[in-house]
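Quick one: structure below, then a few questions.
All chains are identified by letter, namely A, B, C and D, in their written order; residue positions are counted from 1 within each chain.
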Amino acid sequence: MGLVPEVFSEEILQGLKGHISIGHVRYSTTGASNVINTQPLMVMHKGTTLAVAHNGNLVNSIQLRSRLEEQGSIFQTTMDSEVILHLMAKASQFGLEKALTETFSSLKGAYSLLMMTQDTMIAVRDPDGFRPLCLGKLNNGGWVVASETCALDLIEADYVREIEPGEVLIFHKDKMHSIFPWPGQDSHFCIFEQVYFARPDSDIFGINVYKSRKRMGEILAREAHIDADFVMPFPDSGNYAAIGYSQASGIPLEMGVIRNHYVGRTFIQPTQSMRDFNVKVKLNPVRSFLKGKRVIIVEDSIIRGTTGKSRVRALRKAGAKEVHMVVSCPPTRHACYYGIDFPSSTQLIANKKEVEEIAGYLGLDSLHYLSLEGLVEATGMEKKGFCLACFDGIYPVEPDKSFHKDALEG
Amino acid sequence: MGLVPEVFSEEILQGLKGHISIGHVRYSTTGASNVINTQPLMVMHKGTTLAVAHNGNLVNSIQLRSRLEEQGSIFQTTMDSEVILHLMAKASQFGLEKALTETFSSLKGAYSLLMMTQDTMIAVRDPDGFRPLCLGKLNNGGWVVASETCALDLIEADYVREIEPGEVLIFHKDKMHSIFPWPGQDSHFCIFEQVYFARPDSDIFGINVYKSRKRMGEILAREAHIDADFVMPFPDSGNYAAIGYSQASGIPLEMGVIRNHYVGRTFIQPTQSMRDFNVKVKLNPVRSFLKGKRVIIVEDSIIRGTTGKSRVRALRKAGAKEVHMVVSCPPTRHACYYGIDFPSSTQLIANKKEVEEIAGYLGLDSLHYLSLEGLVEATGMEKKGFCLACFDGIYPVEPDKSFHKDALEG
Amino acid sequence: MGLVPEVFSEEILQGLKGHISIGHVRYSTTGASNVINTQPLMVMHKGTTLAVAHNGNLVNSIQLRSRLEEQGSIFQTTMDSEVILHLMAKASQFGLEKALTETFSSLKGAYSLLMMTQDTMIAVRDPDGFRPLCLGKLNNGGWVVASETCALDLIEADYVREIEPGEVLIFHKDKMHSIFPWPGQDSHFCIFEQVYFARPDSDIFGINVYKSRKRMGEILAREAHIDADFVMPFPDSGNYAAIGYSQASGIPLEMGVIRNHYVGRTFIQPTQSMRDFNVKVKLNPVRSFLKGKRVIIVEDSIIRGTTGKSRVRALRKAGAKEVHMVVSCPPTRHACYYGIDFPSSTQLIANKKEVEEIAGYLGLDSLHYLSLEGLVEATGMEKKGFCLACFDGIYPVEPDKSFHKDALEG
Amino acid sequence: MGLVPEVFSEEILQGLKGHISIGHVRYSTTGASNVINTQPLMVMHKGTTLAVAHNGNLVNSIQLRSRLEEQGSIFQTTMDSEVILHLMAKASQFGLEKALTETFSSLKGAYSLLMMTQDTMIAVRDPDGFRPLCLGKLNNGGWVVASETCALDLIEADYVREIEPGEVLIFHKDKMHSIFPWPGQDSHFCIFEQVYFARPDSDIFGINVYKSRKRMGEILAREAHIDADFVMPFPDSGNYAAIGYSQASGIPLEMGVIRNHYVGRTFIQPTQSMRDFNVKVKLNPVRSFLKGKRVIIVEDSIIRGTTGKSRVRALRKAGAKEVHMVVSCPPTRHACYYGIDFPSSTQLIANKKEVEEIAGYLGLDSLHYLSLEGLVEATGMEKKGFCLACFDGIYPVEPDKSFHKDALEG
């Protein structure tokens, strides 16, 4: 629990023995964030250790878990990932490749994952390829697998290629080999990785995120013309779309709020007044600069609308005359069942309100969303290659809609 | 990890909701002491939580675990207790009582244990009754189960009775009922609880430990007469036998070493020189008092002999003229497979050496052990009711001798 | 020691009693950062408590301390601020105002400070006014004094006015009154507050820092024309000058490096390799974007040149074709004796090297500094009102040049 | 703050450089226990560091402090020891020996202390010699000074001699020399060190504490004959007097309560119910043993009587038929001004109540105190060599009775 350098001190890292390792970083916003649910999840089976680190979300884990429990399996966590280890153990008698095929054939949903035994590492990406997964090579010849390419930069590894949707890569001693246990199918990349989730210094699905976000801003400027004194992001959401919007519209870009990096973190549950104060400390509007100005805020997305509402209020309080908002994606109307940590659809503001209503709720002079076509255009790829479910409600893999991620916690 | 009041602050205790609870305190001297192996062990199964706290040691857990793993079960700890939860889960479809009978019929060894579901608590004592388990009643009418009666004193509960060997007690809502799923058999109480393990303020197997230890000292005085200036325990091992020895022999009792209670604990692995220093700080001989004296040390037992050796050396260094030792049990020659945390038999000094050799190794002028008959006599019970395996090598339940408690960690 | 919200939990804040308080935040980069040297510094004298929080640096503290020690005074810290408390105590017999006049007449250098007794708060700004100090009013009528106006924003206090150079403000019960114990003289505001030190959301010396920094960038664009694909800051130094430079030059602004906010802090001394890695984690160049580009970096200042050198190297490694740098102040050639935490002059790269040499050292295609006239023009104020010593070597108050801040530590 | 091995890890100890050092352990029961008031107290003066560790209590520190404050001295703690450093600094111009004579001539009260500069260690014992101080020699030739001889045992140093009342020992480089700056006078050793404060494994004022305490018990048995089943201490107060009482009276010694060493410590302020529970956990009566018995408790002293009251209650609750108490010193009727951490005289139960009343308050069948003559006889020394003020109210150095140790915190 904590940031990576707080948990993994240099001393700990240097104490690690061996030649393969896996790790996992989660950003958990829910109550289920506790030490039991940290990954990699690790179990013992027949004298070996089996570990898994899983990005994404299974949509049939409840059914699988229930079936396993009928057979007497017991669980130590509420994570969907735990069923994977049970299935692997049950199939282990048939040998590794067979066990992998067996296990992953029964899984539905999104999974870019790494597994590890005492001498083998396995990388798996689901056939839809919802989440990214890439392969790199270290200077010393070692292989490395990561969700995003920016991780390769940091350890000075060369980017080799994306792990393909439906591919299973097995690393054993010096060798790596690849199997494709599933029949070929279309991929459905999560477009929200481009909009919000991935880092701008990564190439995701072969596209540089910085460039595609900037391009979203440019297309927004084409779609939504507004008369204003300047364009501004709230650091750091919307930074890159704001640059694109400013360059395409000719309206100057300014940094109307200052981000304070010395906010610190409180590990105890802060009170609401403490949380409100922390938000203010973190992002302070430049009063002397905003006074009397007509401002366009560029946001990457609007989820619940609560953050946006307080941001608009802060700008008006600092003296802004007009506050407009442009959003670099369409209205987010549908829940995600594949691993983006959205609230349930009823909590999505665009699920219940029309654009004007949202503008009213946020206290804006005007509000403009990027069109779905504009969004896809910004990526330079074809629409059918993406999962756009959060915008259009079309789910590539049928979710169990009764499920949401806290369901297992009963 | 830590002492009870350090882990369970009043704030935490008051935050606990509900009407049943179980807990566990282990004193772990081995490498396997880590947070994963803390008890109660807790798992999830079919929407409920199942927990177990287990005192004792199973002798067939390796076989059971191996069979479960063949069926695809995965394990999260190296503890023998984990197989109990797997067996309970597998049998849960037949209802609670059937599942209990099924599960415990397949277990061999020592287990005084508590299990808990969300609405039921279950106490189980193995048919041999190796370890103690007692039932008490709180002022508010609630039931309480504990290993030792001294725990009842602290919470001002009344002692009701021992839970019988082979008894399963089920507490559900206001009701308690008892089943005896196994055919009747002779009990085999662990006599080492009386010698060393249990607290002197407890009644164990119906016998007060203080009294039986004092009586061991009295019988020792009868069996082993020594000419000396005084008798002394090393606090607090041997305190009560020393009192008995002094009263029966007429040789005065003195406190020749001072116990320092402010030793503190270091949570990092101390160096050997730090450990040696801590021993000295903890028990300091009273130089001015010991000088030129003939001393009898009373010890409850000798396991490896290393502690005894350094104690004798310390007394001689402080000026003692003669150092004799009497031990309130027979030579400890055989390993325990039922939960006393003995080293393997090859590390037991009495397994390899005769009494005179041990005396020589420890640097003593003389060494006397209590006879097995004297030990049994001190308890006032019959010999056949006890497990005396550590002294006579006769094991009531056939152990898997290839096993020792670290085996699972391979 | 630590960030404010880590040290002052809400629980601690709510436990504070009373109606006046002072606090201090220091950013210490030197070895003398330890708990003894934290401020406010607090002592006891004649049954009352006397505390001081001091921003700035005295230039005659060594002489004063030496004189006090001759008289038998003993010191608990190595901070120059401690002499202030000794002088106040020695003069306390003459009454508060006399003691203040007496004490501050003997001090030379920079001090914007707060003192507190059990019922009185005192704000003092030195006659040169080197450091800022402002007065605000809370909604509940209370007074508040702070270095920067952005602090007033956060607690929703109204900005009232600057505390004037040479002014002493005494707050006692409901009353505030002001004295000017020194004869009038010219002020010498530290221009480096505008360049680097102050926050852009503050108004310092009556000038908004965001605006003056943006104006520095505009003037830089006028003074130094460069042909390039884009302008970029290294977040967050140079952000505002980069905006000004981009708007004035017409060269687009981009965010070529990504700032990672989840770096965490290690409280143990990290190794060099750990530090290097942390820098990389914190600021990662966007490879796919920089490849083949001609880039202008905007920096606020160059002190030692080591940071700049590694930044240029990182951009080249990421594929930039040309790297130019513009700096929004003149070459920093002279040490500061008034509280800016500069290294000694010999460690300032511009003290020893000409501009071309610096460009070579940093690995740049070209390097341009803002002129001193351009810098002053950007503030909109007159040159004689500023201390420009770090650029032109003219010190308004004669420093003891043998002194540097570590001198007291022997 | 904390126990020695918690604060001084081996890593810290090994990191300490240099050839001289001083340390201090305080057991603080009052509110003034905080990190500011830890010793050694350390200050800076004229480029050197001056430190002091002080056992005992000055009786004129308020007057001295007040005079220093008139001259402008400021204080960082509320400890009486701080005036010593101020006086040393003021007199330092006259050279070390003169400064010592000057400083200590003005001090009144009890002080066994160590001072240290960067190259010199100084040990001082006041002319009355209230508190012990002894000199030892390490195997490597180094000198060591400690309050009690048991500290020498632990580091395997040889006991050389007591530092004499009124002696000042100066250690500089390889040399040690001794001065006696005061005119000769009678000593007044604190007899309460023998009764309660010192460790039984120490020789204090040339007398072994174990032996003198045992002798107190023997004389008590002569003075107070009681008919009972057994004698018992509450571990560990009264252990040694109980042994003496048992041997002299022929009444058997038993350990009727069991001390639990795994109590742990809570660093947060525990509630009253938590504190009560901890007492029960720490000392549990052996129910099965006490039932129906006539018991004599041996206590070293009775201060407030609250502890004794709860102990008697616990024994009665466990079934004891009669509870008698013998105390190995006379009634404690007067406050101590020389460093024993007594409450003020009005809180001493014997100050307000006669012996019978105290017996009634404690719930005893009978209560017997050792006579003053008996106490002195047990030490084997002459009465006039002791300070007996807590028993007879005769104070060798006139205390300022308006003073008590919290006075400075006003």
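Please note the rule applied: contacts are C-beta pairs under 8 Å (C-beta built on N, C-alpha and C of every residue); 3 or more make two chains touch, one makes a residue touch a chain.
Note that the structure is predicted; figures quoted are calculated from it, not measured.
Asker: If you check the contacts of chain C and chain D, which chains show up for both?
Answerer: none
Asker: Averaging only over C-alpha atoms, locate the centres of chain B and chain D and give their separation in whole Å.
Answerer: Distance between chain centres: 38 Å.
Asker: How many angstrom between the C-alpha centroids of chain D and chain A?
Answerer: Comparing mean C-alpha positions, chain D is 64 Å from chain A.
Asker: Give, as an integer number of Å, the spacing between the C-alpha centres of chain B and chain A.
Answerer: Once rounded, the distance between the two centres reads 52 Å.
Asker: Okay, what are all the chain pairs that touch?
Answerer: Pairwise, the chains that meet the contact rule are A-B, A-C, B-D, C-D.
Asker: Once bound in the complex, which stretches of chain A touch chain C?
Answerer: 2-6, 9-10, 150, 153-154, 199-201, 203, 208, 210-211, 236, 239-240, 243, 246-247, 252-255, 257-259, 261-266, 268, 270-271, 273-274, 277-278, 280-281, 284-289
Asker: Quick check on the complex: what are the chain C residues that touch chain D?
Answerer: Residue list for chain C touching chain D: 43-47, 50, 66, 69-78, 85-86, 89-93, 410.
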